[in-house]
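Heads up, there are several structures right after this.
What follows is a pair of complexes built around chain A, which joins chain B in one and chain C in the other.
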Partner chain A sequence: MSQLNEGKLYFAGVDIGSNAAKSVILADDRIIGQAIVPTKADVEKSGVTALTAALESAGISRDDLSYTVATGYGRISASYADEVITEITCHAKGAHYFFPNARAIIDIGGQDSKAIKLDSNGNVVDFVMNDKCAAGTGKFLEVIARALEVSIDDLSRKTLAGDYACPINSTCAVFAESEVISLLASGEKEENIAKGLHYAVAKRVASLFSRIGSNGGDRVFTGGVAKNVGLRSALEEVLGSTLLVSPVDPQLNGAVGAAILARSNKLEELEEVDD
Partner chain B sequence: MIETLGAYDEALDRRPDEIVEARRNGNKVVGIFCCYTPVEIVHALGLIPVRLGWGGDDSLAEDGIEYITNIQCPYVRQTIGVFKEGKNPYAVNTDLVAISAVCLQEYRMVEVLKYYFGKETLTLSVPKNFYLPEGQEFFLKELESFTGKLEIIAGRKLDQGQLRKSVALYAEIRKKTAELYEFLLLDNSPIRWGQILKVIHAGFYLAPETHLSLLKKLNQELKAKPVSDKVKSIVKVRLLLAGSIIAPGNTKIIDVLEGLGVTVVADDICTGQRTFAGLVVKEPTLAGLAKAYLDRTPCAAQLYPTQETDKRLINLFDLIDRHRADAVLYHTIRFCDPYTFRVEENKALLDAREIPFLQLHTDYGVNDIGQLQTRIQALVEIIKRKKKEAAHVGSQAAV
Partner chain C sequence: MSLTEQYSYPEEIRDEFISTEDIVFRDGTHKSAEEIWYFMTEEAPAKYPYAFTKSNHYHRRLSQDVTLPSTIKHNYLILTMNERISRARANGTPVVFVQGGQSVDPYYAAGAIALRPASTGLWAAGQHEGLNLNQEELRRMNQREKAHRATSFEICQTAGYENIQEGNLPVDMIAPFTCLRCSDISYGVESHRHGKRKLNLFLGDYPLSHQKDKPWAVEYFAQNLRRLTREINGFTGRQTSEADLWAEIKLHNAGRRLAVDTAEAWWAADSPPTNGIDRRAIFQMGSMEMHGDPSASVTVLKEANRYIKERIKKGVKGEGVPDNAARIFVCGSCVRPNEYRTEEAGGIIVGNDNHWSDISTIVDEEGSDPYLNLSRAILSYPYEQDIKGRAAWTVEQLRKSRAHGVLFLYNWGCNTQSAIARMLCDEVKKLTGLPSLIIEHDQGGVQSEQLQNRVNAFVEMVRP
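For the complex of A and B:
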């Protein structure tokens, strides 16, 4: 009897980002385990920690896994993985899993932001990434939140309470921080500054979207920053369209895609053996 | 293992001493910038030509900031940094810096070399209307004036017989370099693109006679190598690299590509395939050189009025077809405006032909290597998937 007919198969996806390592476990095509842990200096260990936590939440062990795919910037240090695939391909698969009509993704992570165009099968057609600086990324929002002495969540909520988007000229993390301090000194409300900051980031990220062009269908917002309701609202306004966010934590989207690719690549391999 | 590449390394090791010795004997070294400077004239006058310009060292590029700002091309900044450091044997032993004024930043760099480092310089103006008869007439006059000034440095008049020999010598070098690139047409090339680039860069410094002799030997060695008939099961992705200058020393992109196991099958850069692309000197005279150099596949700083007549684009599409490139990597150095200006145009034209295009905008720092790897690997994943799908459709059709 071939492995294909032996019953339930388990697959893992591990996405090691600059801020967090995420892992998702699939039983066939159903999510049964997940975990998000901070990425530490030992990138390999962070991936293993996330994978172990996800396995625990699924109630299975590493020996039960048929195939593991690692993604994210830490994918190069993932000796536990059977295959490494870029987060661009994984995010496309993850978004397609939740939203089969998804044709474009905006992903904002800790250190970069990307716009990805995909086809009806969840395959990447085109993509663009931000430049190497932190402008328009989770890191940028972290720096600004620190300058305002609020948490990221509070920064996000303040946006919704803003009267107007106070113009922020710089999306460079360094220059924007000093601009924010000047605005505070001049008596501007924190809520208006927060709204202005999110609009500045939204405009920058929206320009990535314009570079890949539209091919209809749904637009999906993924990555840790997709949890930021202030930015999501600003992005929707700038883009003039609704952004879908996955029903599970959007920060897990890359790991979900990695697990789906683990499944499809393993099944393809098994089918070849069976043939 | 390619033995002739070792011979190149040995020749390069010897070359600084040879140059010092030649200067001691009264010969003069002309440091050339930009591939629009006719090297044949320099050689025919008995001067020693070396092509200058360096990249890949962020620390030296930082040194250049003392003379130009940090929002200028890192290649230009580094080259100034090399002259400031005063250790590079080719920079140190250059008696005259000759530049063809195509790129504004490079032109300013030569001004800096003159003003701050006391280098004697000579500028050859290259017209922007190079495709018109009046542009060609202007360039011929410039070339005559340029030659006159070089004659003073050389202490002799340009001899027509010697010019004929120099034209023939460099034509042979270009032919043999083109032959070297032909190996990249093969599925299992015996030489990698990164190695070919190193050979071309070696030719910037070596005596042309030595370079030609080694090129011939290299081509013979590669032709004699047994071709592997082992068909690899993995899907190979063939990429073309276009864009900004990749100067000697700048191995960043090459290292990233080779680290990912990516195969580059052609390039469209002025320190690679464009050193010879479309450059055919039909008549060994100044008029013949003026025509050939203006008619060559141009730098992006030289603009054609229409896309249809733009020889750079024509050459790019020809390379994609001939070398069966799956996609174009368009490498732009930060603040290299001529090539960055062309990104959207190139992308749109390639999109229309369904050829994937990826811009790699970078400098000599190392902090974006992870990002570059992700972008290139993602492009490779797209192409591999498409190839697998096409193969699957093909096999089903066969059934």
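For the complex of A and C:
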């Protein structure tokens, strides 16, 4: 009996990013396990930790896996992976999995922000990423949250309570931090600063997005920063459209896409064997 | 990833290699394949261990396509740059600094050696022996920092300041053409006016805007070329005749034609017959500047041309080249992605417009005035035309090279290429529908993961 007919096949996607390592386990095409752990100095170990935690939550072991794809910057350290694929390709597949009508993705991670255009099969047809700069990324918000001595979640909530958005320099995270300190010293409300910050990020990301153009369809917001309600609101206003966010943690989108690719690449391999 | 593990040429290829042709130099001397083998297997690994770093993360590592003798000979010429140029200089041959992307016929006709920024960097690197990759990278970056301190942190074009003014390269003259390719070259030249060493400064003043169609522009630039050769004659004590320039044009055209012929065969082949790094070196030899000796470049190119055609006939694929590779054409000056890592990801760089513009421009060998012919050719460089003109030529290269996508790279601090990148890619997209990716490159060094990630994603996107 061929492997195709032998019963359930399990696939793993591991996305090792600058802030967090994420893993997702699929049984055929259903998500049955997931995990998010902080990325530490030992990047390979972080990936293994995420994978192990996801396997535990799925109730299977590593030996049960048919194929593993690793993605994210840390993928070069993933010796346990059968294949490595960039997170741009994986995010497209992940977004397509949840939203088959998705044609554009905004992904904001720890150090990258990306705009991705995809086709009806979840394949990337164009993409653009930030240059060597933290402005418009999760790191930008972290830096400012630290300056304001609040958590990222609190920063996000403050955005919604602001009366107006303070104009903030949107081109450099380091200079923006100095600006924030000056604004606080001049008596500006934290809520307005927070709002200004989120709009600065939104405008930066929107200008990236404008370079890929629109081909209709849904727009999806992925990555850890998609959990930030303040930024989502700012982005929707700047872009003039609704952004969909996946029903599972959007930080897992890359890992979901990696697992989807693990499945499709393995099935393709098995079909060739069967031929 | 180990940046200290070393590569060595396998002993089993020795016999075949040493039976190949000599390199013939401009001064008539020869270097046999056996002597080259000895240097590349015994002397060079001890002198320049960084060059033999095995890791794919080092984009200049020696190609491991060992059955291509031109690769070993090219690397020999690169690693002996210091020895050869220093010796020529000591024997009275002046050395002139030029910019990349320009031809060097008149400099050689006048009796000088012409070196672009990267070549002065190789000459300087050759003066420091025994450095591993980390040490060599640190040395190079520290030296460059000296240029930045003297001029500006934000410039890309230092006009060789770090090695000429802050280092000890005995360059005699700074004399580039002020082509569009590098709009900052004039400022780089100006910076030498305030350097420690007083050097002859010369700008080959390049007119812009439909320059090739204007008789006054052709005559004006030809006058610049005549003045250039006269200035160089001030060093050599001899007068450059028109016959000298005709002879030089013929030699350089021979190299250009070989490079173009090789490229067209390479592009038309079912599978790439070499990997990306070998392709790049072979195509660029047509600039006649790369090795500091046009005659040597021609002998290596002739051999490369034969070997590549033989491989194409036999259906041999280059070492490390993936099946169904995403064929990427690179636009932009001075920088390129790591070919090895791009091939690991499933792609291959099939062409660079940088240098190709001047290499693919053949100078007319008929007529009464070689300076006018040379001027006409130089003013016709496709890279130097307006955006639409440059795009039209780029499209022609994309079609010949059967590219799946365009990667536009420019150096941090490069004003020209960064200003036109978007416009050129938009124009190319309009004409061909090919996707493009624009990336700002790191300033030299071991390439960042951030940059390679983007290249890899583009490869995944366009791969058939």
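Following the convention adopted for this analysis, the second predicted complex is superposed on the first by the 273 of 275 C-alpha atoms of A that agree within 3 Å, B and C clash if a C-alpha of one lies under 4 Å from a C-alpha of the other, contacts with A are read in each partner's own complex, and residues count from 1 in each chain.
FYI, a contact is a pair of C-beta atoms (placed from the backbone, for glycine too) under 8 Å apart; a residue touches a chain by one contact, two chains touch by 3 or more.
Keep in mind the model is a prediction, meaning the values are calculated, not measured.
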Item checked: Combined model on chain A where chain B meets chain C, clash or fit -> clash
Checklist line | Contacts of A:S207 with chain B and chain C, given as first, second, both or neither | finding: neither
Check: Looking at the overlay, what does A:S57 touch: chain B (first), chain C (second), both, or neither?
Finding: neither
Notebook entry, point to check: Touching A:M129, do we find chain B (first), chain C (second), both, or neither?
Noted result: both
Note to self: On the A-aligned overlay, A:S264 touches which partner chain: chain B = first, chain C = second, or both, or neither?
What the structure shows: neither
Note to self: For A:I88, using the defined touch cut-off, is the partner it touches chain B, chain C, both, or neither? Pick first, second, both or neither.
What the structure shows: both
Notebook entry, point to check: What part of chain A is shared between its chain B contacts and its chain C contacts?
Noted result: 73, 76, 85-89, 112, 123-127, 129, 131-132
Margin query: Applying the document's contact rule, which stretches of chain B touch chain A when the two form their complex?
Written below: 356, 361-362, 367-368, 370-371, 373-375, 377-378, 381-382, 385
Notebook entry, point to check: Across the complex, what residues on chain C touch chain A?
Noted result: 1, 345, 412, 435, 437, 439-440, 442, 448-450, 453-454, 456-458, 460-461
Note to self: With touch defined as at the start, can you tell me which chain A residues reach chain C in the complex?
What the structure shows: 73, 76, 85-89, 112, 123-129, 131-132
Check: Any idea which chain A residues touch chain B in the complex?
Finding: 73, 76, 85-89, 112, 123-127, 129, 131-132
